[in-house]
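Chain nomenclature is as follows: A, B, C and D, assigned in order of appearance, with residue numbering initiated at 1 for each chain independently.
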Amino acid sequence: MQHLLNWILWTPALGIIGTLLIPGKAHNTIRIWSLLVTAITFAMTILLYCQFDQAAPGMQEYFNIKFPWIEQFHIYYSLGVDGISLPMVLLTGLLFFLCILSSWTIEKSVKSYFALFLMLEASVFGVFLALDFFLFYVFWEVMLIPMFFLIGIWGGENREYAAVKFFLYTFAGSVLMLVGLIALYFQSGANSESFNILALQGGKFGDEVVTLFGTDWNFGILVFIGMFIAFAIKVPIFPFHTWLPHAHVQAPTAVSVILAGVLLKMGTYGFLRIAFPILPEAAVYFRDWIAWLGLINVIYGALCAMAQSDMKKLIAYSSVSHMGFVMLGLAAMTTQGTNGAVLQMFNHGTSTSMMFLMVGVLYERSHHRWIVRPDGTKGFGGLYTKLPIYSIVFIISMFASMGLPGLSGFISEALIFLGIYKEFTTITVLALIGLLVGAAYLLWMFKRMFFGEVIPSVAGYHDMNAREILYMAPLCITVILLGVYPAPILNIMKESVGSLVQLLAKFQ
Amino acid sequence: MNMFLMIIFTLSAFLAVGGALSVAFAKNLIHACVYLLFSLIGVAGLYLTLGAEFVAATQLVVYVGGVVVLLLFAIMLTGGSNLHHVTSRFGLESTPLMGNLRTYIMGIVTALLLIAVLCNVLQGSISASAVVESKFSSTVEQIGVKLVTDHILAFEISSVLLLGALVGAAIIARPYRSSETEN
Amino acid sequence: MGIIPYIVVSSILFICGIIVMIARKNIIAILLGIELVLNAAALNFVAFTKFNNMNIDGHVFALFIILVAAAEAAVGLAIVIRFFQVRESIHIDSATQLQS
Amino acid sequence: MEYSISTILPIMLLPFFAFVLNAFIVKKFTKTAVAISCVAIFIPFIMAMRIFIDFVFNKYSSDYYIHKTFTWFDLSAGAQIFKVQMGIYLDNMSAVMLLMVTGVAFLIHLFSTYYMHDDPRYGRFFVYLSLFTSAMLGLVLSDNLFSVFIFWELMGFCSYSLIGFYYEKEGAGNASLKAFMTTRVGDVFFLLGIVALWTTIGSVSYVEIYKAIAESSLSSPVILFGLGIPLATFAGFCIFMGTIGKSAQFPLQVWLPDAMFGPTPCSALIHAATMVAAGVYLSLRMYPLMDAGGLLEFIAYIGGITALGAATIALVQTDIKAVLAYSTISQLGYMVLGIGVGAYSASLMHLITHAVFKACLFLSAGSVIHALHDHHTHAPVQEMPRMGGLRKKLPYTFIAMLFCTLAISGIPLFSAFVSKDRILGDALVMAAHSPIYIVPAILGFCGAFLTPFYMFRMIFLTFYGEPRDQELYKHAHDEHFSYNRNLPLLILAVFTLGFWYSGSLTGQGIVKVFPESKYEWFQVLVEKPVLNKFLGRTATPLEVSESKEFIEHSHYDPNHGIASEEEAHHVHLIHRFGAAASFLIALCGILLAYSMYITRKFSPEWWTTTFAQWTKALKNRYYFDHLYIDILIQKLLHPFNNLLAWIDMGFYDRYAVDGWERVLALSYSVARWFDNIVIDSVLVDGSGISVRFFNIVLRTIQNGKIQFYFLVLLFVLASYVLAFKPVI
């Protein structure tokens, strides 16, 4: 059990080897194998949840793993889990399992697809579990490789452009993070603790000064800016958001789900795990900026979403909007706000995944995603009549996404508002516009696609099959359960979040 | 000084030196090859005078019985010295196969230079060398022991080398497969 | 009788070999020269063994030289034959290209 | 009776469980599902009845309340304490509301088994109804604004789904979208208000809010855009915005008429009796906050404008359900006006009476619509100009509808005379006190004139005269008494009588039929929250049995709140005048309708031609839809969105992000030039040239002849040996 984190991290990696050993023609064997691997991984994350000590605020000592890796530079292979990373680990395990199911219809080089998918899973787990900054960075970069190929090979018409854009954009950010981590390494004395994320925490760089271009700069602020850009690109925060619509539109369904459901969370997770605890003074110094950027994200994303006629693009912009709420919650630096942000990370992961999966289900029937085609005709119409089960699942995912009470999104958004109101009243008031528009674009899309007469092109569609229901059902249940009773997730995170908030409160 | 040895030395030395000189200056390649045979036999005799009977025997078996025959075969397969290409592929006049005056002058000049060098080098060592008399005894056993103890590695490597040479020679000398199919 | 006669003989063999190697244009003839040079070297080994120390190692070296000479002759002649097949000549100056 | 979790919560949970169960079985076992739904609302009705009797007539005093809480989730970590508490709050007002909601909902369930029976989505309708009922009951039982908001939104969702119930129609989609989005505007404000209160007080339970108001700790200003607004004003305004959205008040009234796209029973339940009234209920609960925030005048104006404006629009409607929809808006306006003028109990009473008679009206309209089918299209007919003379075909429906119309018109002996006229009377009192209330009072009285007019216009057009569409009339089914069609109508019609609510004919206790105060139960029991009693009170957790607190029945005191005898007399005078005036006005309205549509002394056409502009404005609903949809959304929001999206993708992404590619390309070309000219031509090729020069020298040596190399080698070796004489 003590090596559970190792197992979670390396089971998908072992699965890749298994995938590569299966002959490429045996499509179903590969699929079942990948499903098995992800299912085992998911089961282990559940096990981790069960064994988790909810009362402990920091890293769970019991699960910590630490071996020297590159001793000359004091780099360790060190893994750990706390209340902030556990929800993300759970989310990752769940979504990858479901995405394998939804990728059943992939026919183009099946073997490499699933191998890359498992590689993606391993690297994402690595990011969420790493306690060594260098290890974190390595996994962060490794994650780009499978993503690049998954978008670039299995994507839509314009896939190369999107893949290259995604890669370069994220990579540009990573370079800044690399600079930051090296700077921290040397500033903290290049000793055995210099890559240890936990040891770096606690505001040790507040008064350090560096000279750059002949001027004195505050070290913490400078490094924070670099890291902020790195993580902001991933979140994505306006004005670094434009890779997201491209990547989402071009990526295949399952990759969109992972991209929106898990990868965006890596950005905010980076703030929670690295940027805020290591450089609290700078975080407090920039919190106004972060809040305003989050607000822009919320409103701008929602307004842009309203103008889209491509379903995936619409949902991509809605992701921008929802991640803006997370940033607002982070900027609040209060118990409610930060808890709400972490919960929103989880909830957005489930709800937006549902939306993307639903689009994927429809896309398999229609082979287009136009709400309104470019020539002005309807892309869909009367789906409610034609696909009743699909419509109901769509309604659940749509309302979960817009934050209807009783479904998961509401609690996190309400907590964020509660957290941020005292700190930024004006921003709270303005952010509510985002909540309003957020309902508008989704319902408007729903109205245009599902109501009215059945248009001829829709007439041949069949309703969701058993496999599709199978992978939507867990998400629906999660969304409803967490909407009615969010304590299972909140209980595991509150102690860790509380200690983070206390740390930040010291510097306000 | 053993008279018998002296005679054998003198004969062998003449044979070796004469053969070598004949090789150097013979007009016909077949003849040169036969002269080489004599020279090698001479060297074998010299080995005998030095008490290295095993080396001498090997010399005879390998060189005289093997290498020279091989050379003769090669000469015959390639037409010996009968081929007289006076022009090269580029239309330039080329030296005859067995050399002409110019090449010999160059050779002799070089030889003179080398004689000078050898004299220069050997001066010290010859004067310093002491004459040691030794009994004439069989070396076969010692060599055998040496080969399988101290020099076992070289021995094994040489066996591999021979095998490689054998296979390599066979492969290299084999005609082209494509030319086979053409034919 | 000392070492000097042997050295003189081996030197003559050596110089003859060198002359052959330089003066001849026939590849096989050059191989003959090489054999001469090798013999000269082997002779020296044996001679020095006899007169300078009583170690049997010199004999072993001579044996290896013979061995290597044999191998070299086999491979060298195979190359010559192949060369002849390709170029229809065994003139040393026509060996200007590695590629056939 | 002991009140504990097991006796209170099932009221809300039974319909909810019915919803969950039905959602899965409704496809296969439609009849079972319908039966479960009906039973699951009937049992709560019995329980609510029991609570009502206990609270109102038995032992508890007027200001007794039950408040129990449990922790929903807890975010406390270390020193930071944050708990989200949910709970139950029961007082007289909740008890009355519970009874009304369960009763009306049960009757509407019953009616729906008739009305929706032939609908292909018969079962699904009941699924939504169960969820809705559960949410509404949850809202009534809630002890805090947060859970109110949750149920509030859930009701919005049900409303959305039921308006879009006939999803084949394009209009249903538009209407449901409009309804949800318009109410959402109010909801967003409501959420803001909740957040503002919560972060200041630390809780949003009613008790805590009342306590905070009593301690007057809500005066701290909210800094917004640099302006400081008192918190009570700010929060009160935001919460009242929620009411405006949900109760379709001006200026967010546009969604309710369109909501009639839903099936008629759902219009009766959601868009007449309960959900729209929830907004008023919320405002009543938050009355002390609005009072503290000084918002009452504003509320009164909103209510007055809505009451009159909606009534005028109702004048020109031809669709029977549209008339009822506007009348609903108008009546809701009266309730809000009641809050604005401080007529607390009257406002709630009007809510209850309106729920009863409006539900009955809608069900009757449903009965009418169901009887009429277009012969060609087989679509139900809702247009009044095609009806007429239905009195004989539909006698029971006619009786029920007539009772309700009399009630809504404010005729003595019927319920609205008690409730609405008490509101109007209080408005007059306020107007006499401060001139700012004069306008709302006038608006209210004008509405009171128009209400009987358009209601009787509807009755006359539908049931009287000759049938205007003979074919339709011929094919109309005769009404036979059936338990699920007529019984609900008649039961509701019985409860439109005034004596159920008041012992006196008018609300002001002027003409006392039953002089005993007990029969004025409404006014006795429902009164403004007395804030001082909440000082120092904390909620009892659900698990612990509550400590009962009996306070002596505070007997009805008509003068309460009024200081002097003289002033009381003055108020009585005004009340008396108001009651008389409104009765007269109502009579005038009825007479006008009678003369226009029965005797035809005045031609309606004369009015429409003379006031053509006004008619056009009324038919276009004062151009509000035009303003919102065509101008605000189509002309402003969409172009702005498209512009923004274009800037994002077409400009920002294309130039600012992909523009880096150009910048890089430029630097590449500079670098390439430098590379070509300087590095390559000069340095690289230059060194090449120098190499070529040496090449000429060297290639004479490098002639490829192996013997030459050998010679050179030997010469070099020899010269080395000769020159340096290496030691051997």
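What we mean here is this: a residue touches a chain if its C-beta (ideal position, glycine included) is under 8 Å from a C-beta of that chain, and two chains touch if they have at least 3 such contacts.
The shown structure was predicted, so the numbers you read here are calculated from the model rather than taken from an experiment.
Counting C-beta pairs in contact, the pair that comes out ahead of the other among B-C and C-D is B-C. Of all chains present, the one whose mean CA position sits nearest the global mean of protein CA atoms is A. Between chain B and chain C, the centres computed from C-alpha atoms are 5 Å apart.
Between the CA-based centres of chain C and chain D the separation comes to 110 Å, rounded to the whole angstrom. Between the CA-based centres of chain A and chain B the separation comes to 81 Å, rounded to the whole angstrom. Chain A and chain D have Cα centroids separated by 34 Å. For chain B, the set of residues touching two or more other chains reads 106, 110, 114.
Shown for chain C are the residues in touch with two or more other chains, namely 18, 22, 25, 93. Under the contact rule stated at the top, the pairs of chains that touch are A-D, B-C, B-D, C-D. Contact residues of chain D toward chain A in the complex are 72-80, 82, 146, 149-154, 157, 160-161, 164, 167-170, 172-174, 176-177, 180-181, 184-185, 188-189, 191-192, 195-196, 198-199, 222-225, 637-638, 640-642, 644-646, 648-649, 652-653, 656-658. Residues of chain A touching chain D in their complex: 57, 165, 169, 239, 242-243, 245-246, 300, 303-304, 306-308, 335-336, 339, 382, 384-385, 395, 399, 404-406, 410, 414-415, 417-418, 421-422, 425-426, 428-429, 432-433, 435-436, 439-440, 443-444, 446-448, 450-453, 485-487, 490-491, 494-495, 497-499, 501-502. Those residues of chain B that touch chain C in the shared complex are 1, 5-6, 9, 13, 16-17, 20-21, 23-24, 29, 32-33, 36, 39-40, 43, 46-47, 50-52, 54-55, 58-59, 62-63, 66-67, 70-71, 73-75, 77-78, 81, 83, 85, 88-89, 94-99, 103-104, 106-108, 110-111, 114-115, 118, 122, 126, 129-132, 134, 139, 142-143, 146-147, 150-151, 154, 158, 161-162, 164-166, 168-170, 172-173, 175-176. Contacts from chain D toward chain C in the complex involve residues 704-707, 710-711, 714.
Chain C meets chain D in the complex at residues 18, 21-22, 25, 30, 92-93, 95-96.
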